[in-house]
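There's a structure below that I have some questions on.
The letters A, B, C and D name the chains in turn, as written, and every chain counts its residues from 1.
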C-alpha cells in the first residue's frame, strides 16, 4: 500500500523549518513519523465511523449515548486540528481546500458543528431526518481513506482510458433493462386476485418493472417481485441467463487489457542515441532511430 | 465512443448540395455539426423514453397526464422529422428503410399515431393491454442508441466467430436445466401439507422445475420456490455450485481470445531488407537489422 | 459446431456396401446426408423432450393427453429404429452398446416400453412416483445431444489436466461450508419465539446450516433461511464476501491456462531431421536436435 | 494433488530405524505406504466430520445416538494415536505441536475429552450451547485436509504478494458499504405502517443497512430486507450494478498476473555460445545458434 499523496509541492529552502517537517509527516509517508501518522489516522477514521454506526442503533444509543457523544466530539476536534495543520503547512492552502481531499476532510468535521448550532433544531420527524442526514455526512469520513490509496489513481486512469467500451457495456445494460422491463409490464401487469379485483403485482409501471429487471439481471434476485405467468417466467429465465453470461465479455476484455499492460513492461533498456525506452526483449536495433542497442 | 454509422454511401459530386451537407450531419459525426446532432439526438432519446416510463406510473399519469401527452407528441413529431430527413438525404432510401436502423426509427414513431387512430379503441382490459403493448413499442426507441455504437459491431463479430464454443456452453446449460429440473420434479413434486392434501410446491411439472433450475443455476435465487426435502436440498446445493463454477470456463476462454486478438495488433508490415515480421505499430526501424521500414 | 463422432472405425473395403454408406450418414457428418441426419436428429431430440415436459403439466395432460401419448410412441419408435440402425452398421456393435452414447440411446427408448409392461402398475402415489421417475429417464434423451458435441471432449481433457487445482478449490469450498455451517449452527441454532418456545430456525442441525452456507456462498441467496442475530449477520456478511471474491482466483488461473494453450499454437513447422513440432516463431535452429530450420 | 508436507527435517543417519520409516509414512507421501496412509486419513476425516454432522440432526440423534457416540470415540482414539505417532517420530516435536497442523490435530481430539469431563456439565440451555460449541470444534477436523494441500501454499504466497491491490479492493468495498448503507438508513429508515405507527424496516440503524448493502452488493439478495421507496429502489439498483460490475477489475488483474507467472516458466538458462536467454524448459539446443545447452 503506497501511503501518502503529493497534493502540494515542496516549500522553498528558506522555509524548511517546522512547516516543512510537519508537511513531510502529514502529507507524505517516507519517514517513520509520516508512516506512524498515517497509521494513527487510519485507526482514528475507523473508530470515528464505528462511533457513527453505533450511534444509529437505538438500543446502544439509549445505553451509552453520553459516551458516544463525547467520543464524537473527540474525533471531531481531532480531525479539526488535522485539517488546520494541513492548511497551515501546505504551500498552496487554497488548492488543498478545494481539492477532493480537502472537501472530504471538511465534510468530516462539519456535521457535528452543525448539530450544535440551533439551526438544526426542529420538531419530531424533521429532526429525525436531519439527524439521519448528518449521520450520513459523518459517514463520509470513510473517504479520508483515499489519502492513502494512490494506487487507486492508476485504476481510475485505466477505466477512463477504456471509456468507449464502458459506454457500450452500459448502453447494453440500459437497453436490456428498458426493453425487458417494458415487456414484463405488458405481460405481468394488471394482475387480478381470485375475486377479480386488480392487485399490486410489482409490474404495475415501467419503472417498477425496470427495477425488477435490474434485480434479476444482476442476479441479486430478492424475490419480493417475481413473475407468475408462464410467458413471464420464460422471459425472466432469458433475462437471468443474459445477466449470468453478460459478465463474461467485459471480464475477458479487461483481462486482456491488463495482460497487455503487464507485457509492455518488457525491457528497461534505453537507446543511447535517442533515449527511447520500450524496446522488445529480442530487439537488436532501436526501432525508433535504427541505432544498434 | 465512435459516433455515426455509414449506412449509405456518398452521393455523386453534382448532388453535393444541401443533401450532402445534411447527410454529413445526420448520418456521420466527423464535423462539429454532426457531433452536436448526435448529442441532441441522445438527449431526445433518453427524454422520450423517460416520458414513456413516467406515463406508466398511475399516480404520475393522473397528475401530469396532459403534460405527458404533449411531450409525447413533441418527441413523436421530432422523430418523424428526423426519419423524413434521413430518408430524404440518403442515397438509397429503401436500403435505409429496411435496415435495422430504419425499422427502429419507424417503430419509434408509429405507436403514438396508432393510438390516435380509432382502430385502437376497445373496451376495458383489452384497451389496457393495448396501451401497455404500445408503451412497450415506444420503449423500443432506446434502440436508436445503436446509431452511435459502431463498436458493438466488433463485439457481434467476435461472438459470431466463437459460435461453436457458444453452442457447447448453451448445450451444457440446456442439458443441466432439463436433467436437474426433471430430477427435482421427481424428488419434490407432489408435496402434501399437514392434512394429507396435495399442495402446490413449485415443482409440480417439469417446466416449473426447469424455471427453478434456471433461477438457481444463474445464482439469482428468488426464493419463491425452494426445495424442502433433504435429497432435494442436496441436489439443489450441487446445482448452485455448478452454476457458481460454470462461469469460470467461458470467462477463461473469452479472456484468452481477447488477449490473442490484442496481440495480433502488431502490424503485418515486412522489412524489405531482412524480411522480418512482427514490428510494433509505432516502429520506424526494423528491430532485427536496423533498416528503415 | 463439429458434428459427428468417430466411435467405430471404418469397415474393410469389401464391405463397403450399404452398411458403409449408412455408417457415414449416421455416425459421421462429412457428407450432406450426414449433416441432414444430424439436423433431423437434433429436431427430434428437442421435440421429444418437449413432449415429456408438456406431459408433466397437469392442465395440458388433461386436454391433450391422447395426442401426447401418440407423439411419445412416435418418438420412441423413431429412436428405436435409430438405435437398431446404429447397432447394425457399426463394426463393433458391442463397443457401441456399452459406450456412453449407446447407453444414452438405450435409456431414451426404455421408459416408454417399461410403462407399457404390467410391471409398472401400482396403486396411487407409488404409481405417481414411478411415472415421475420415468419422465426423468425420458428427459435423459437430451444427452443424445452429446453425439454432436465433440468439442466438449477437449474441455473435459482440460479439466482433467488441471485436476490438482480443481481439488484445491473444491477442498476450500468444502472446508468453508463445514466450518461456517457449524459456526452458524452454534450462533443461530435454538431460536426461541416470543413465548419462550423453541422454533425452527433453519440452523437447527449442521447439515441444514451447511445448506444455508452453500446458498449464501454461491450468492444464490434464496432467503428462506437467513440469520437474525447481530453476530450471525456479521458472519454471514463475511461468508458472502468470501463467496463473491472466491471466484476470482480460479477464473484467473483458467484464463492464464487458456492463454498459454492458445500461444502454444505457435508454428506448425516441422524439423526435417527429428520431425519435432512446436518451434517458436523466431527460432532458427531446432531446439531438440540443433539442426537449422 | 501433491500429498505430504515437510514440516520436520530428516533425522540423522543413526536413527534411521523404525522412527524414520514411520516418519516417511506419516509426514510424507513418496512411498506407497505414505500414499496409503494419506488416503486412509482422508477417509477418516470425512467420516468423522460426517458423524459430527449427523449428531446435530435431532431425529438421527434420537434413533442412532449410541452408534454415533461409539463412532465418535473410535475416531477420537484414532486421531489421538495419529497425534502421538506424529509427535513421536518428528525430529522437533515442539515445532510440530505449535505449528498450524499441530494445533489442528490437537483441536480434532480435545472436544470429545472435554465433554467427558465433569467440567462441561451444566443446566439446560447452557449445556446446549456448550454442546453446539463442541460440535463446531469437532468440525475443525476438516482442516486436517490441509496436510495434503501443499499447492495451497503457492496460492497463499500469490495473494500475499498482491496485498496492495487486495487492500485497494477491500477499501473500495468498505467505503461503498458504509456510504450506501448510511444513505439507505437515511432514505428508508423510519418506515411507518398504515396506521402511522413506526415499524421495523430493516434499515433502522446503520449496521443493519450495511448488512443489507453487503447482501445486495455481493448479489446474494436474500430479500428479507429490501427498499420500498422510489429513491431507495433507485439507489439499490445502482448498488446492484456496482456489485455486478465490480468483480470484473480484480478478475482481470488476477488473470493477467497468473498469465505473467505462467510465462516466466521459461527457464533462465543462458546459451554459452550466443548468450541468448528465453529457452523453453524442454529445449536441448539453443534456438538462436544451434549450440547444445
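Methods note: a contact is a pair of C-beta atoms (placed from the backbone, for glycine too) under 8 Å apart; a residue touches a chain by one contact, two chains touch by 3 or more.
Remember, it's a predicted structure, so these values are computed and weren't measured experimentally.
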Type of chain B:chain C copy interface by residue overlap (half), same or different: different
Reference chain C; chain at largest CA-centroid distance: A
A-C compared against A-D, more contacting pairs: A-D
Whole-Å separation of chain centres (CA-atom averages), chain A against chain D: 29
Distance between chain centroids, defined by C-alpha means - chain A, chain C (Å): 41
Multi-partner residues of chain C (at least 2 other chains): 207, 219-223, 243, 247, 251-252, 255, 257, 259, 282
In the complex, chain D residues that touch chain A: 163-165, 167-168, 171-172, 174-175, 178-179, 181-183, 185-186, 189-190, 204-208, 210, 216, 219-223, 226, 230, 233-234, 236-237, 240-241, 243-245, 247-249, 251-253, 255-257, 259-260, 278
Chain A residues within the chain D interface of the complex: 1-2, 49, 52-54, 56-58, 125, 128-129, 132-133, 135-136, 139-140, 142-143, 145, 149, 151-152, 155, 159, 173, 207, 211, 214-215, 217-224, 243, 247, 250-251, 254-255, 257-259, 261-263, 281-282
Complex contact set, residues of chain D against chain B: 219-223, 251-252, 255, 259
